[in-house]
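A single structure is presented below for examination.
Should a chain be cited, it is by its letter among A, B, C and D, assigned in written order, with residues numbered from 1 in that chain.
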């Protein structure tokens, strides 16, 4: 693991998510750019002292020298955006598979370079766009793919948060500090942090691509350096219309990610904060509530469900499914076996490049006087 | 009453809404352009046969000849859009107050002309933008006006319906037929029918005006003559951002009108299908559920509530509040008294002109390659 | 109308409910036992001064002397429980049909006597157990009757309120005062006021009768003279089990009437505070949300719906359906016609006697050391 | 681990829950009474082959012989009820701490014997009444304890499931088979399986004890050997009234565990299927929604939360908190340190005895003609 030391948020999520299914063990790490902090963090996580490193470069070098079977099988990168490309590149070039937090990189050039490196390496790369790990998101995707709701006509996806309603970055808050800092986040704030989740979810469920967009991107809070609110009109490649809005100044909102997909025959609705329900609003029969673990769901939904009906699964479980699927693919590779296709279902470097392109285009459109910007 | 004969939808709503509070009696009507149908409808409604007329012109003329105190006090116009201006003009010119269904007129010229006629007449004119009649909408408006949520930063208002997901107008369906017919509806379909409700609600609650907009307006169903889907970026006159989307092809949706207003301190959410709750998402304390009839609400909310807590009020009651307020104003005028200001709260001809302008601008923007269109 | 003068709650509800459908006009009343208050109330309601009476006896006598066609068609009784029997008896004995608020009478003897009088008179008598007027309650009843959910196995019905959490009757609160006063309410408080609603709803929807019960009846608030909380085990006549609980000291609750009926194949759930949804939890397919006005509902649900889908109907509309049905039956009687059976659907004097029996048995069981008390 | 081999449900839950926080490693197991199945299961779970045992007796004996530091630190018992006492007793007598699934034992005698053994051993014993692990349940308990809602007056707790609506045990369904079998479950079915969860939750949150109860216990499905439905009136030791109902024939229900606690000032509501919300219905101010991770919660709620606001936590996380707390206590014991009191919060053997007593009393009351049975 690269990053994720004491006080980090997403590092802990990765550790818990990787542990749930009993497929993955944390064996080494460079948990902080500060070696002492890395050492202390390693102790917290019960990692043997001799495998806690002071930098990712040291980690990759030393681990590579360990005998096969003893050394780490893959690297998890859980650092801020500006420290994704470096460790990912080095890991791949040294033969390690990679799990990387989103967005993929600091900028689009890095992203495209990384995509090339992954392709050339032939290694496995997973990006933790975790929301696609939920069983009911899998169900929604399968329903669209199977034509259950007919041709998709309209998509409304939204991700309102309120936590940056004030200039939180002017306080000590570590999460706010790097996410609003162009030197660590890149060209976008809210659009990079959560707008890409919305974009990824919409394209994942519908199987469509955004073709062009028209964005109104704003920085609402005085003194902030990056955008904290964005509202975007979308056109998809099948002609479907769309609306995407995301905000970090939507006061009082937690993580209100919500998507609605309207087809010719029905509308689907999924809401991240109550993720075990998929509402299917039929045009010609009563609205149905599909529930995790209940009844006849598509295989992709069933295979990403851990518990019987009525036992709510949450964010960590969805996140864990990405790790589990990735782990099965890595294990199959190591053992030279064919992997069950059910596990070949996690976001890849291409999704990451797509997300970076979205960030660039949405920011470009925000500055443009022309209505439509092509993706 | 003009229009609203057998088989009409909104006419019955007006009659029920007008009746609830015991302030208004239906005394005459021209219920259809077909005299026989008008006659039969009048019988259904227990209107004396001699006051059921074959046309609005006849009604206005004959009623005017009746002695004061016997003749009708005002005219309700519940016809399709293209038959609003005529009866409204004639009623006003003959000294009758008017209640008119929305949108105000067939086109903007008519609307502006009518506004002038109302002003010159000095008579009372109410437009039934009924959603503003709900107690929790009043509460939301009062909270914004009193600064409870701080300066408004963002508004998201949406009105998805699914009933026109197919080419319903090619069947016998009367409601679909006129609403999708340019000759009866005007230049807009969904935007005129429900987009204006969304616009009116957003401006009513926030007290702000839309300054410019950027619209993606579509006709999704093949063969349809007017728009059935629209997605609009908004900028308000205080700088707030906004998103408005409305659709009649959002399969499976009933009348899912929903508005969120985010201020510096809190976000408000109101949902028409569960109208007795106003959710207040505070930035720094737990989310609160304000409920019709419960606890310390603003006077405007209290004065539009008929029942104690826990007895749900609905669409008719909100509609009725417009009639009740209008009736009190008319009565005060007749009796030469000052009206209690609580009753001077209903949409007027100016709201109607505003709505027509919105329709024109949103359609104009939909055709434009420029990003922003000024209101 | 008897009762319902200034400051009353349920009288206004009756007036609004009776007015909505344009079938009923308020023509006279004895609105208060205080003649001056009755006079002022009559003025508020636009009742001609000469038909505002000082007592119900005067009203019935004087109205009877008016020519047929001019005199009132029926009497609405909206007084506290101890003034139901007197006016009802006198009205019936003088040939007037009657609408009476619930519970039927002050005690069981009165109730049984009244039932006999109604039977002998051959007149029409409606009891306003208003919750049975909701379209989704009709739908639930029809689903059970048609075997859609299989044999009923269990019923859970509850009616928690919180408004009597303190000794409100020690203040000026008029509603609290009479409802907690044995001299005006009878032998029961919460059980009579709302427990009977729960009992009525359960028997109405299931078509079953409670056969025996076991009750824990309490007075929680110090100084109160009647029960304010009751919890009851039920056995129905088909062997189904049940739980009924009602409370007026369930702090923070409004009118949280909720019923669940479990059959062999599905469970139904209806919740008064969001009355336009009937949730059907199928054992072998996804949960469905049936909604007022949407799709293929049973005729009884459709014929009690006034508005298209998505326009919420509430308490007044449900109440109004009882009046509308009653009015159609009365009109048919007057006109000597057969009434459409759809209108022969409102609670009668027998439901009232049943409710009184429930009150007596539940109070008896509350005092008993034996487990089961037979109904 | 004892039990939890291939095809088991609760064993997998224990493994995932134990893994999440990175504090516990699965090192050995007797996963099935069938040695071959145990061996294969061990392979699935990456347990070294030499530490997969054919029986719990073998496991305890062999592990005991391993050097301290290498041998297992504690035993998890995840077998059906009739195989709790044996392994628990043996583990404790050999110096191993124990985590045991609920209900505690097969019968009350075993339970009381086990309690004594635990006490004499001085070892740590955790019972996985997992629902008490949710942050919002901790918050509810703390609110009651701190007097936020005043004296508790009424409790309504319910646990409806529908999965045994048919005679599922006559098919191959393993979960149904043992849970409805008196030889493996004990004297109760639904009451032991889920009734005890309801009882435990009610006593945990309120801090009160059930003093007496009156139960209607039924076997609804023909051919079933144990109860599948129970409805119980409760009296608590402070005089509060209560209702508890649980069912496995509530068709269409998943795991609808729901509790409401009414105090003098407010009512609390928590619902297991949406576990991140605690609804607080105040008597004199708007209803509040407390949410996991949002704002100023009590320390016990905060310390059992893993993620920031808006990231839903579920069943596994609540379960994991019991393991995490237990692990911290065990580690402190091993290291001879004082444990942070925050971790001394998990159900113990006494809760288990209490639960067994509840089962016995509720079954006894179900057969009694007397109203009240003392606990």
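Definition applied: a contact is a pair of C-beta atoms (placed from the backbone, for glycine too) under 8 Å apart; a residue touches a chain by one contact, two chains touch by 3 or more.
None of these values were measured; they are calculated from a predicted model.
Counting hops only between chains that touch, chain A reaches chain D in a minimum of 1. Ranked by how far their CA centres sit from the centre of chain C, the chains are topped by A. The distance from the centre of chain B to the centre of chain D, each centre being the mean of the chain's C-alpha atoms, comes to 55 Å. Per-chain CA centroids place chain A at a distance of 43 Å from chain B. Centre-to-centre separation of chain B and chain C, using mean CA positions: 34 Å. Touching two or more other chains at once are residues 253, 280, 287, 291, 294 of chain C.
For chain C in complex with chain D, the residues that touch the partner chain are 149-150, 153-154, 156, 158, 160, 162, 165-166, 214, 216, 218, 220, 229, 231, 233, 235, 241-243, 245, 247, 249-253, 260, 262-267, 280-283, 287, 368-372.
If you check the complex, the residues on chain C that touch chain B are 9, 12-13, 15-16, 19-22, 26, 45-46, 161, 163, 253-256, 272-276, 291, 293-294, 306-317.
Every residue of chain B that touches chain D in the complex is listed here, in rising order: 280, 284-291, 294-295.
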